[in-house]
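There are structures below to look over.
Two complexes, one shared chain (chain A), two partners (chain B, chain C).
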Partner chain A sequence: MSLLEVRNLTLSFRLWSGIVDVLHGIALSIAKGERVALVGESGSGKSVTARIVLGLLQDLPGAQIGGEVRFNGRDLASLSRHEREALRGRDISMIFQDPTSSLNPVYKIAPQFREVLARRTPRITLAEARERATALLQEVAITEPARVLDSYPFQLSGGMNQRVMIAMALANRPALLLADEPGTALDVTVQAQTLDLMARLVADHGTSVLFISHNLGVVREFADRTYVIYRGRIVEAGPTQAVFEAPGHAYTRALMAAQPRLTGGALPDIVERDPRFFDPVVLHGVPGC
Partner chain B sequence: MLSVQGLSKIYVTGRHNVAALTDVTLTVQTGECLAVVGESGSGKSTLANLVLGLTPPTAGTMMLDATPLPARRTIDHRRAIQLVQQNPLSALNPRRSVGASLRLALDVHGIGNPATRPAKVSALLADVGLTPDYAARAPSALSGGQRQRVAIARALACDPRLIVLDEPTSALDVLVQAQVLRLLHDLRLNRGLTYLFISHDLAVVRAIATRVAVFRHGRIVEAGATDALFTSPQDPYTRSLIAAVPVITEQEKAMRDRLGASS
Partner chain C sequence: MRRALTILTGNPLTLTGLVLVALVVLAAALADVLAPFPVHRGAVVDFVNFNKPPSSDYWMGTDLVGRDLFSRILYAYRISLILCAVVLAIAVPVGVVLGVMAGYLGGWWEYGLMRVTDVFLSIPPLVLAMSIMGVLSPTLVNGMMAVTAMWWPWYTRLVYNITRGEKAEGYVLAAEVIGATRAHIMFREILPNCVPAIVTKMTLDAGFVILIVSSLSFLGLGVQPPTPDLGSMVAEGAKYLPDSWWLSVFPGLAILIAVFGFNLIGDGLRDILGAHR
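Right after this comes the complex of A and B.
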């Protein structure tokens, strides 16, 4: 059974100017321990998909959500607001693009870490939290956990903050990690280290990951399976290797062609819009079984 | 065309001195695209600021066509060296139409006579692949790629000798990036432009640059022709930088792993 099963997910926003359709029936599934990427350009709907899974959009006035999101076999829509909130930070956690702005600048790391741990262990003491946090920071290859815990986020580098975020996101051993463009704000060498670290940790703990990115290269290195999303529609899905080696959809092919290669080659002629980008979805192999 | 000798910049902040750039010497030849690559804090944007005259160097000299560039630039210097920024939305005045933004550059530098300037604005838009009716639009009514085209048109307005491009495509989606890179490439070849291209994206640099200078901690660690630098980088830092780039094909991966193994 899939850990996360999204069926025919639609989202529209009611604005003063009318209704804007953002998602047009997204279907995706993530098995336990699987790393799945959702790749697309800005405005394609990849981040809102993650936010719906996390339950952040359900209570927003003006957002109309259709379809089904099942986590561990339970339909998120059938849960009460309280139950949905209980999942967050405990069974489902999220890492955001910019680590430094995701941490509260006016608190040191230690109290923020305690707040995260309290999601699972509500009455955790300061000393216990500190001990747990120290172990978790060591897990993300931070050699001086005490110094980090006593620092404000702005006193740490972006790479260090990103590791703190990863440690926090995995602190309660969530079943599902939503990673929204992790490391995009970091230098390539730091980004590479961050991804290696994340890959190792989720493998160790059997965490499933929904990895959201616009960066094709990062997706290829990280994900087992890839969904390509274009304007609120899944256009191609399959094992990462198959999608990258034999892209079947016109949009996926355009994305691949547009990506400059490290090995050189002429700049391609790319069109930004093409009616073929709305072709039906291309599926590789049998998904998710 | 541009030659930089022993350029250094030290920022003094409180009790700290931050050496942003240390003893940088490089030249930009007419018609080439010199890429400056490095990670954050490597001094690449400081170099851009110094070349543009936004801040004076602590030491060293800059020469444009064999005449020294003073710390305080005249309007002719400003006309000769133009900038395209990373985020076109914040680079364009949101209250001013696209046409007015382009017109302002022509007015400031007194290019052509006022009667011919509307036609010049249309010509500039055509140069970057936009139709004349875009002149009436506000930047907010354009897509990211169209905005960056307008920013390029504005830089082209006063026939600069050198264009400093500071991460011009890193805020753009990959399809749009490909188009803007193609536009920049074609403009350089067709109009004989010269670029100083600041970037952290090595794959982009490979596609657009003729020569590359790799920066680290404010110093040049390696410089050379693009092909040579990518196929046989000499400095271990350059190799590690290339080896960290996420790639999408097996050929790239093979090349990257080869370089990574030898560093």
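Right after this comes the complex of A and C.
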């Protein structure tokens, strides 16, 4: 059984000017321990999908959500707000684009770490939390955990903060990790390092990952399976290898062609709309899809 | 903390402010010891020594019923400072809590709270306080209420704006993602980020509260005689300018020192707290 099963997910926002449809029936599934990428350009609906999975959009008055999101067999829509809050930070956690702004500037790392650990162990003492945090920071290759714990986020480098965020996200051993363009705000070498680290850790703990990105190179390295999303529709899905080697959908081909190359050369523009981009979804021989 | 103290005392203007405020606070706290004529704070009449210019006996002269002005100014400071503390102690928490709620919760909270503050802010502060005092009887407690009523909306505005900015920060989303409650996010995550601005505004406001309270009593709507009050002393003396200049000049200077001192500290704090953001 899949850990996360999203069926026919639709989302529209009610605005003064009318209703704006954002998602038009997203379907995706993540098995236990699987790493799945969701790829698309800005505004295609990648991030809102992640927020629905986290249950962050359900309480927004203007958002209308249809379809089904099942986590561990339970329909998220059937859960109360309290139950959804209980899932977050324990069974599902998330890593963000900009690690430095994701940490509160007025607290040192140690108390922020404790808040995260307290989600699983409400009565954890400061000393216990410190001990756990030290171990977790060593896991993400931080060599001086004590110094990091006693620093404010703005005293640490972006790469350091990213590792702290990864350690926090995995601290409660979540079943599902949502990574929303992690490290986009960092430089490329640091980004590569932290992604390696994340890949190793999720493999060790058997964590499933939904990896949201527009960076095709990173996706190809990291993900087992890939979904390509265009204007709120999944246009292509399959094992990463198959999608990258034989892209079947016109939009996927356009996206791949827009990759900058080290050797230079002009980039083709992706046209805003092309009737072929609305072709039916291309599936790469995935059983059960 | 130590760094902040170094910067605070390193700037000559801020240091001046600290010294002035310290003097005012000491004067108020030690009024019983420092005042040459402690009984003169009440309804005492000494017609032998009335309306005397400054001398070695009466450093700042005497008023129209022969009371020592210096003693009365010390006691007036005490009342001003207490008033100031009470006003800020009520207005700041109320304003800050409402501001964070309006900024973070949004929707009807935002509409309701911000329109109410708009109503308060649309009335000139002195007029608002005067009308409250005019309806109620002019006593010390009513004075505090009137000034408090006109003060909290400024804090709501300030904190609302900061909260709107902080709400977009990653750490708020990160807290939502780990399932933090709304109260936790408002008061443990966002509020600490508003503290520098609140503290700065409080210091600046301490001076203005003293000024407003003095203005009210200058108009006869504040503390009533025979309780000494800087504003009413200035008002009383102004009738006898320029001959009996000491009657209004010394209380006026006393107001100036307190307001100036608080403002200098406020400016210094703004520099320190604004620097690392």
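Assume the second predicted complex is superposed on the first by the 277 of 289 C-alpha atoms of A that agree within 3 Å, B and C clash if a C-alpha of one lies under 4 Å from a C-alpha of the other, contacts with A are read in each partner's own complex, and residues count from 1 in each chain.
Heads up, the rule we're going with is that a residue touches a chain if its C-beta (ideal position, glycine included) is under 8 Å from a C-beta of that chain, and two chains touch if they have at least 3 such contacts.
Keep in mind the model is a prediction, meaning the values are calculated, not measured.
When the two structures are aligned on the shared chain, A:L126 is found in touch with neither chain B nor chain C. In the superposed model, A:V106 makes contact with chain C only, not with chain B. Taking chain A as the reference chain, the count of touched residues is higher for B when chain B and chain C are set side by side.
Judged by the touch definition given at the top, the superposed model places A:E85 against chain C, while chain B stays out of reach. In the superposition on chain A, contact is made by A:H214 with chain B only, not with chain C. Contacts of A:L54 after superposition on the shared chain: chain C is touched, whereas chain B is not. Every residue of chain B that touches chain A in the complex is listed here, in rising order: 39-40, 143-145, 173-179, 181-182, 185, 200-204, 206-208, 226-227, 230, 240-242, 244-252, 255-256.
Of all residues in chain C, only 107, 169-171, 173-181, 189, 192-193, 195, 276 touch chain A in the complex they form. Those residues of chain A that touch chain B in the complex are listed here as 41-42, 158, 187-192, 195, 214-218, 220-221, 244-245, 254-265, 267-272. Considering their complex, residues 54, 56, 61, 85-90, 93-94, 96-98, 100-107, 115-116, 119, 154, 165 of chain A touch chain C.
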